[in-house]
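Read from first to last, the chains carry the letters A, B, C and D; within each, the first residue is number 1.
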Amino acid sequence: MSGSDAETYSYLGPAGTFTWAALGQVPGAAGKPWRSVNNVGEALDDVVSGRSVAAMIAIENSIEGGVSATQDALASIPNLRILGEYLVPVQFVLVARPGTALADVRVVSAHPVAYAQCRLWLERALPGHGHIPSPSNVAAPRDLLESDVADAAVAPPGITDHFPLEVLAEGIGDNPNAVTRFVLVSRTAPVPARTGSDKTSVIAELPSDEPGSLLEMLEQFATRGVNMSLIESRPIGDALGRYRFVIDLDGHILDERVADALLGLKRFSPNVVFLGSYPRADNHRIEVSERYGDDSFLDARDWLRGLISGEPS
Amino acid sequence: MSGSDAETYSYLGPAGTFTWAALGQVPGAAGKPWRSVNNVGEALDDVVSGRSVAAMIAIENSIEGGVSATQDALASIPNLRILGEYLVPVQFVLVARPGTALADVRVVSAHPVAYAQCRLWLERALPGHGHIPSPSNVAAPRDLLESDVADAAVAPPGITDHFPLEVLAEGIGDNPNAVTRFVLVSRTAPVPARTGSDKTSVIAELPSDEPGSLLEMLEQFATRGVNMSLIESRPIGDALGRYRFVIDLDGHILDERVADALLGLKRFSPNVVFLGSYPRADNHRIEVSERYGDDSFLDARDWLRGLISGEPS
Amino acid sequence: MSGSDAETYSYLGPAGTFTWAALGQVPGAAGKPWRSVNNVGEALDDVVSGRSVAAMIAIENSIEGGVSATQDALASIPNLRILGEYLVPVQFVLVARPGTALADVRVVSAHPVAYAQCRLWLERALPGHGHIPSPSNVAAPRDLLESDVADAAVAPPGITDHFPLEVLAEGIGDNPNAVTRFVLVSRTAPVPARTGSDKTSVIAELPSDEPGSLLEMLEQFATRGVNMSLIESRPIGDALGRYRFVIDLDGHILDERVADALLGLKRFSPNVVFLGSYPRADNHRIEVSERYGDDSFLDARDWLRGLISGEPS
Amino acid sequence: MSGSDAETYSYLGPAGTFTWAALGQVPGAAGKPWRSVNNVGEALDDVVSGRSVAAMIAIENSIEGGVSATQDALASIPNLRILGEYLVPVQFVLVARPGTALADVRVVSAHPVAYAQCRLWLERALPGHGHIPSPSNVAAPRDLLESDVADAAVAPPGITDHFPLEVLAEGIGDNPNAVTRFVLVSRTAPVPARTGSDKTSVIAELPSDEPGSLLEMLEQFATRGVNMSLIESRPIGDALGRYRFVIDLDGHILDERVADALLGLKRFSPNVVFLGSYPRADNHRIEVSERYGDDSFLDARDWLRGLISGEPS
């Protein structure tokens, strides 16, 4: 839980949480010190202060805490950069001490939000059971080993790698397709190389709240053939009716069309935060029509130079 | 917790939660049976099945559970209608049994998400305290009266109306401005009258995932002078790259410009869910330029009729 | 050249001009009195005053006079309506008195604009010839019969139906594909029925001269799937930088998408002149995607009514 | 009428025409050989072949010949460049041999198009007069000195500088505000310096004839805050429904926003012809909001470089 600053990774702990699972997907974090923190504020504070080289935080559809706070923090804390995104399926298992049968379970320990998400299954399989709340998805199973108040616990899959427990049931969550998206955040650094399957995240304010103002901002992307995979409005909070937008773009800042769209966005918006260009978790390759490929941008610049110098075409 | 279907209101309970506070803002719910449920799925199920006349659910920035699930449920469960929106400040107090002083507090009971949001204050004011998780923001204070395991509890303001507890500290949350937005949802019903300060909520899919497709959809609003106060993309989940958008519009479906924009949206989008037109929680009056006022729409229709019939102007 | 007002047609004469040829394409004008006038002002004045039931005037790419004047007249004279459009190929023949051979031609009579358009051919075929200007494309050939000052004349094809002259050469114009577009204009009248191959002409002013204002106006068409086949800016003349736009739309005012676009245009523009919906000269059928077909508009209105009344879907 | 190629200017002659008056506004043409030609084709051919350094041609609202031909020629002849624009009021005077009184005039000599434009005045002032057509606005007055067939001639103002004639009446045209716009065209050359009051002319094709395609092209201008002062559609002629657009932009290719818009246009359009950036005839200074000024573009590029290199902001 400690170590040299330049190597430590912060995450919402303890070990075994979904955030911990996300950090486990980062090759560079293997074998480095991991620092368990309590919320996104602490995680980003570790990064800003240099206590950690990077922090893993939930950015979309989280079960372990709201993402509005994450978005607002990223909008207001300067000099952060997203290094990568990671998807973790939000699935649950029911675990118990070895030798416990499902029929023996009377009391279930669970983080309240996880409990709510498994409630349908629990009421069907364990009618009349009791619920003991737990501060985290890891504390719930861990405490089974320290106390027999509960007979079973709701936990993330893989928890049995950490504790000598047995799985009584898998896939007990209401939504079998739920996924949480995490991002690994560091201080500002040079952008990584393009992979052909990249995403660019920005947060931008509108110059005014007139109808059509958002449209005008999005035209900056459309006129360069840049697709969005996420847009969310967030009230800025300083005055009624002012909004910022959290936006994910298909492509990398070193793609000509994305760079050009960012230039347009910068000129249009009174406040743009560039959060980073990084490989997509889904490895989906971005298809771009020839019109918006890099060559199209280079050719246009050659053409413009020719026009100015007056070369015959 | 029971009563005639036509009068019961469902909410994420128990009494004292933020959702309960939101329901308390509904004049029509006063004196009617309130039904405490465990999550948004149960709440909407009550409405669909007729167990309740309406349900209060968090739709934006919730501390008591994710809102993605709410948005996805509203997109996929047919025949629901939002009747109104309600804002509840997400503030916390520290409460204890009468006679307890702040200096006496060693162990704090709290819902884990609430605990995370008050952590800064708790660590400063109560260094070395212990945390006992609680399944809800109401169970935490209530259990103080049944057990002395904890000395104090994190709770919503107003909890002392329910339990004979004393407030040790107010405003202990990290974010003093946090607000959760709730909506009251019923089965489909005629739209309520206009108030001049209304909001219209829709969920719409894009016909394709080409860059510019969202822009084309938003032009349906901009060309009628209709402003958006919220837009959020959500992956539809049936195939890569397809999105639906949760959108709040300024105005009421009986406003000519909003009706006309909805017609355009219906023609453009392969799937539109109209969630309702209802009074805004902030009572902010919508200002519309003359160009997009009702008279402008009526005048244009008169003009068109004259053109077709061939009357000289 | 006279007759009852209700039956007379005005045109830029005399008989034999391209405008006359255009009027010859109008079935309803056959056998009715035709009134030869000198310019578009006189022609429209005949219509306004009731001297004529309709007037044929050039609106695009005319050889017999500017079209800016036509556009400006249509923008400012109220209560006019275009009944139809007619295309006339602008081709020329060289004609002479019977017995004249091409080698005998020394002096050519021609309207100066026609002469300029045939100059390449004339200089090649008749080097050293002289030019006698003529007030019209009809006067040039006609005068060959009254005087022998000129040996040959530049004339529209078909002139030999009017005068006992012989064609020495055909297709002598520089541009073999030149076509002039004419419109038949009456006082305001009910719009004719749809043919499936229709055009709608309007003239509209922008509310301001800001960049993006034209874009906003054209979005009124694009959001309804309405294509433009012509757009021309014309300075309004009352102040620097104010423009009106002459626009032809694919489709008929009784097409739902066109009607809806016109309503949007009317609300947006401070001054819209509807010139008419009428059959296209090229008989090209308008293809419309299902999204913008009449049924799509009717379905959307049914949907909206259902939303308001609160019927379950 | 001859001279070294590098110094000769071509114009629609002879001396005294409106085109000649436009060429008289060009300081660099003073004292150089001027070459009178018969139409825009000859004028541009002189430029292409090197017989002339530049040619003056009418581009908007011409009385001396159609401008469609000019626009089509500029779209299809490569390597031309507009050097400047010139406005000439299209006004007419009635001139006669010295000693002639207005009351004596029985026969008027006039170019047919000029005659049509003065017809209202002539019919009022000289009822019953005869018309002798003339091949040009200059031949009409000049011939008064060689023959007494006509008593007076319609001519451009200033004609008395060329011929010993007297003005009988001024301002005899129907439209006292008519103006023709001319451009001076050379072969491709480096663009001239910015003056702050510049115009940029381009001709661009749409990639497809779908509704919305023009809108998408114009967004290239609007997203950079570039205003248009002229737009005209012209059918390309190679297939039904394909259009090119003649467009004038406010500003100079060396203005950052115009350069950026041209780059966007080049990428979007399958065929763009840059006709030049040149001083506006009206000397109207272009006002640009700070958002689209040169500094905004330079700042955005600095910002982008910083993002890529990873400098903290």
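A few notes on this one:
In the analysis below, contacts are C-beta pairs under 8 Å (C-beta built on N, C-alpha and C of every residue); 3 or more make two chains touch, one makes a residue touch a chain.
Since we're looking at a predicted model, the values are computed, not measured.
Number of steps on the shortest path from chain B to chain D, with steps defined by chain touch: 2. Residues touching across the chain C-chain D interface largely coincide between the two copies, over half of the numbers being common to both.
Our note on geometry: chain B versus chain C, Cα centroid distance of 58 Å, whole angstroms. Separating the centre of chain A from that of chain B, both taken as means of CA atoms, is a distance of 23 Å. Annotation for chain C: residues 212, 216, 219, 222 touch two or more other chains. Chain contact topology: the protein chains form a single closed ring, every chain touching exactly two others.
On chain B, the positions that touch chain A within their shared complex are 38-39, 41-42, 60-63, 65-66, 68-69, 111-113, 115-117, 119-120, 131, 133-136, 139, 174-175, 177, 209-212, 214-215, 218-219, 221-222, 225-233, 237, 240-241, 243, 245, 282, 284. The touching residues of chain D, counted against chain A in their complex, run 78-79, 81, 187-191, 207, 216, 219-220, 222-224, 253-254, 259, 262-264, 266-268, 274, 291-292, 296-297, 299-301, 303-304, 307-313.
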